[in-house]
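Next come two complexes, and both contain chain A; in the first it sits with chain B, in the second with chain C.
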Partner chain A sequence: MSASAKLASMKPPGLFVYAILYLAFLYVPVLFLPLFSFNDSAFVSFPLAGFTLRWYRAMLADGALGEALANSLKVGAVAAISATLLGLAAARALTRYRLKGTSTVLGFVSLPLFIPDIVLGISLLILVNALSTPLSLSSVIFGHIVLCVPFALAVLLSRLEGFDPSLEEASRDLGETAWMTFLRVTLPLALPGIVASLLLAFIVSFDEFLIAYFLAGTDATLPIYIWGELRFPAKLPIVLALGAAILVVTCLLVLVAEWLRNLGRARTTPLAVGA
Partner chain B sequence: MNAFLEIRDVSKRFGAVTALSDVRLAIARAEFFSLLGPSGCGKTTLLRTIAGFEQPDEGTIFIDGADVTAMPPERRPTNMVFQSYAIFPHLNVFDNIAYGLRRLRLERAELERRVSEALAMVRLDGYGGRRSDTLSGGQRQRVALARALVRRPKVLLLDEPLGALDRRLREAMQRELRELQRNLGITFVLVTHDQEEALSMSDRIAVMSEGRVLQVDSPRALYERPASRIVAEFIGTMNLLEATVTEGAGSDAVCNVPGLGAIVVKDCALAAGERATLAIRPERLVISDGGRTSGTIVSSTYLGGRTHLLIALEGNGQPVAATIDSASGAGASPGARIKLDWEPDAFIALPD
Partner chain C sequence: MSDRSVPPAIAHAPRKWRADAPGYALLSPTLVVMVLGLAAPLAMLVLYSLWRQNGIALQTQVTLGQYASVLSRAPFRALFLRSIAISSAVTLATVAFAYPMAYFVAFEARAKFLWLVLLTIPFWTSYLLRVFAWKLILGWNGVINSGLMSLGLIKAPFGFLLYNPFSVIVTLAHAWAPFAILPIYVSLEKIDRSLLDAAADLGDGPLRRFLRVTLPLSLPGIIGAAVLIFVPTTGDYVTPALVGGPRGTMLANVIDVEFERIGNWPFGAALAVVSMMAVGLVTLSAVTAARAAVARIR
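Entry: the complex of A and B
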């Protein structure tokens, strides 16, 4: 306590102002989205013209938008589930077996995090063309799984590293097979991590544009649809309404993911052993 | 001896490290057996090999006449109390203990009866509904014990189960474990690096070092007649003195120790002219006016009931340790000249 108090008293002056400016820079532009989505004017400019819900009504009435949203949900769900399953298998292998070259494997799996999406998008496009498969939502899903696995692995790895490997041994010792041990011990203990991984991978896929742009055929995902709509100034407020709605849902998802992560952490943190 | 748990020529390597080297042990039914040694001596690897978590590179393991070497841990008639206790954090006490009974498909009433029996055995009656993260260290230890014993194993394996407990609790648990083992008649194999723990609880102890079993004996025999320097130095304190054999007569030998004179050592095969190491426990050296040798007290450490002395001998550069009754050693302060004596059988000879 006293150490942290000392640190706090040592902080340079002006840091508070900097923090406020930083947060303002980050969030004020985002706040324009909901603000103008309720503005009763086709032009996105001040002064505000009055309150309206018509952009939201127009959004709900737009069939192409609904289709794009459905596509994005489909792609996101399949990519998130696939990436989490692959990530879980990899995380288990990396944490539970004495493998050679663990860090090399980890490096290669994480590489998509560092490769620019545009490079990844083009190379995946070349691959899909080389396999002479038509571009479709499936190719987008494929690209998104590649993109999401490193995120899933990072979340699940920290989760599996966090719990005592002798818990799994204890289960075997008490008569359960490797498979039943996975179901009765590993899965319940990894569950918060699995849910967090699903949510994170879903969000990554849901707002991904570049790879989807390269790999989508005629079926647009939501970001591609929004990009297309931006050409029509009159439709901008509808996009803003959509953006505001996505913002709210995304915030909720992130909050749920964080809450689950903390819930899991509190549960498996080893207690101080003592009388 | 009729071996209930037999380890036959077991070897295990991890890469370049030899964890177990030709280990041979025969443990009797209902014996309390300890594996004692410093960390890294292979005792935990041996325990994990018995449990089935490690596969030996060579050798066989028999339990109650059956070869279990190739069996996975879930099919072995053993259960383990882990060093970390490995209490399942997502289950309460009842479900932790019932975990290993699922495959028996017991009726609910029978299941409850067995779990509460196990809880009573470790004196945790009524704790079934408790969440596992609300338990103290001692309670976690008891839950781990109950969870293992409820399966009625043929052999219970304990991996340093008392290491994390404070001293008072540890001593109470030592007594309790010993009592439990006697009442249940189950073979216990305990891994520990704590020699006092091993001495106070075990029927027999195997002292291990660098993957090998150095000596298997009862606590008394290990303490009084260690077979090697390593064992002598690992268990308790031992004074080691260089000596020359002057007379080798059958099973006895007369050795000359500088400063102490001629000492008769029983049951050793030494020939005249050989060099030998003689060993004596600090409490077997007594201060007495009629003592055979004299020395000066270098330091004196008061330990309550006993006082620990370091004594410089006249005519021998090697100081010796002596433990005396504090009540009797009133005059034993540093600098004092004293006379030392010992009983005829107090010295033993150790091979170099």
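Entry: the complex of A and C
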């Protein structure tokens, strides 16, 4: 009681106002995208010309956009699933066993977080070129797996770290096979982490431009398509409509992910307390 | 049953190996992928930087010539300095502006979770479009200029808003904000509140208490945020390309030109290797200096 009163007396004044201003700085630039996507003018400037949905209709009618979107969904799905499987195996190995060189492995696998994308992009380009394989969506997928593994591993490690091995022992002592133990004990406990890892890896891949730009060859992913369109002022409002659509869809995804995470937490909390 | 119940002194090496073998087996697919997709390409990059491009032929005699020309030519030295200066400014600005925000969420906000979600939502739009939004805002016919003109406040648009190092800094500081807020918030949140009470009880005023307790204890978050922002932004391609103009060009743009237009891969590779080393060196010395400075405050 007195402690919180003392803390309260030491609050710097005006921090709440600062927080609101900061939020405005974060939101206002991003909100110009949806604002001008409904503006009935090819030019992005004030005063606003009137409300229209024609940019959204043009967006839906754009074949190249649809193709790029399909490519991005494909690349994101394959990269997210692969990175999550690799991350899950590695996280399991690092938390269940005491292996030599664990910190070296962690440092090495986390390297993509600390290497600029441009360096990863040209290095992979050199490798693909040296193997004389053609550039394609497959090379993009490979690059994105490498990029996403550190994210997947970080999420899954934090999920599996607090894992009580006696739960699995109990299952085995009660006569379950190793496979059933995995299915009925390990997997359900790891599931919120797996879902979070899949979503995070997918979002990282879906939004990645530079590595894809070096590795895609003639196949465009959505960011490569957007990059190309940014050079044509006439097509700009269509890109803005696309940006607004991406914003809405990803917000929904994030909300679903948070909801799932809370669901998982609510279900596993009693176990964590018992441990 | 579990190998954890065996004390290490009693466990014999072969038995330990047998118990851990499944662990190494589980780890190996990830390691194979990362060696193929990370170690091998980086090794190839270094190898290329030691070769030479002769017309369209690649000469594979080892030479340090690429490094000599990267380091000796003035435009490239200026490029390195500019990239590191811009990224340093971005890092300082992002961390300095994010700190009070993270402090507010950690110590004052009631609905912390809601604030954290609110702070991250703008970053789920495409990175390209978030950067591009600033071009719309700062441009000749952009939001600021057209807004001020339609309000009658200015007669002609400002030309100095876009295509300079400052527009790169503002754009990157906006794009990388969550990478500062989240680590700083985590380190502030971890601080034991009784330490703050103790400092107050022992007569420290708010400022002294902040400088001697809160700030040093949140240093891991600050350093983490700074590294997380500084390293990738030195290699950012999109922002300088869209809002930088000729005066805001950074390393990634020049590396891209060497690879995609000029086709001098060895030179581009040397540029990339030198920039990684320079960035690593700056990062290490800055982190060491920050730690020493805080040790002195304490």
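The rule is short, and it goes like this: the second predicted complex is superposed on the first by the 260 of 275 C-alpha atoms of A that agree within 3 Å, B and C clash if a C-alpha of one lies under 4 Å from a C-alpha of the other, contacts with A are read in each partner's own complex, and residues count from 1 in each chain.
Here, a contact is a pair of C-beta atoms (placed from the backbone, for glycine too) under 8 Å apart; a residue touches a chain by one contact, two chains touch by 3 or more.
Here the structure is a predicted model, which means the values were calculated and not measured.
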Touched partner set for A:A190, first chain B, second chain C, both or neither: neither
A:I115 touches, of chain B and chain C: first, second, both or neither? second
Partner chain in contact with A:L156 - chain B first, chain C second, else both or neither: neither
Contact breadth on chain A, by residue count: chain C or chain B: C
First (chain B), second (chain C), both or neither touched by A:D164: first
First, second, both or neither for A:R172, with chain B first and chain C second: both
Shared contact residues on chain A - chain B and chain C: 169, 172
Partner chain C, residues of chain A touching it in the complex: 3, 6-7, 10-12, 15-16, 18-19, 22-23, 25-27, 29-30, 32-33, 36, 43-47, 86-87, 89-90, 92-94, 96-99, 105, 108-109, 111-120, 122-127, 130, 142-143, 145-146, 149, 153, 165, 169, 172, 203, 207, 209-210, 214, 222-223, 226-227, 230, 239-240, 242-243, 246-247, 250-251, 253-254, 258
Chain B contact footprint on chain A (complex, rising order): 163-164, 166-167, 169-178, 184-185, 188-189, 267-268, 270-271, 273-275
Footprint of chain A on chain B - complex, ascending: 51-53, 72-75, 78-80, 82-84, 86, 88-90, 99-100, 102-103, 133, 135-138, 140, 147-148, 151, 164-166, 168-169
Chain C residues within the chain A interface of the complex: 1-4, 19-20, 22-27, 29-31, 33-34, 37-42, 44-45, 48, 97, 100-101, 103-105, 107-109, 115, 117-122, 124-130, 132-134, 136-137, 141-143, 145-147, 150, 174, 177, 193-194, 196-197, 200, 206, 209, 227-228, 231-232, 234-238, 242, 251-252, 255-256, 259, 265, 268-269, 272, 275-276, 279
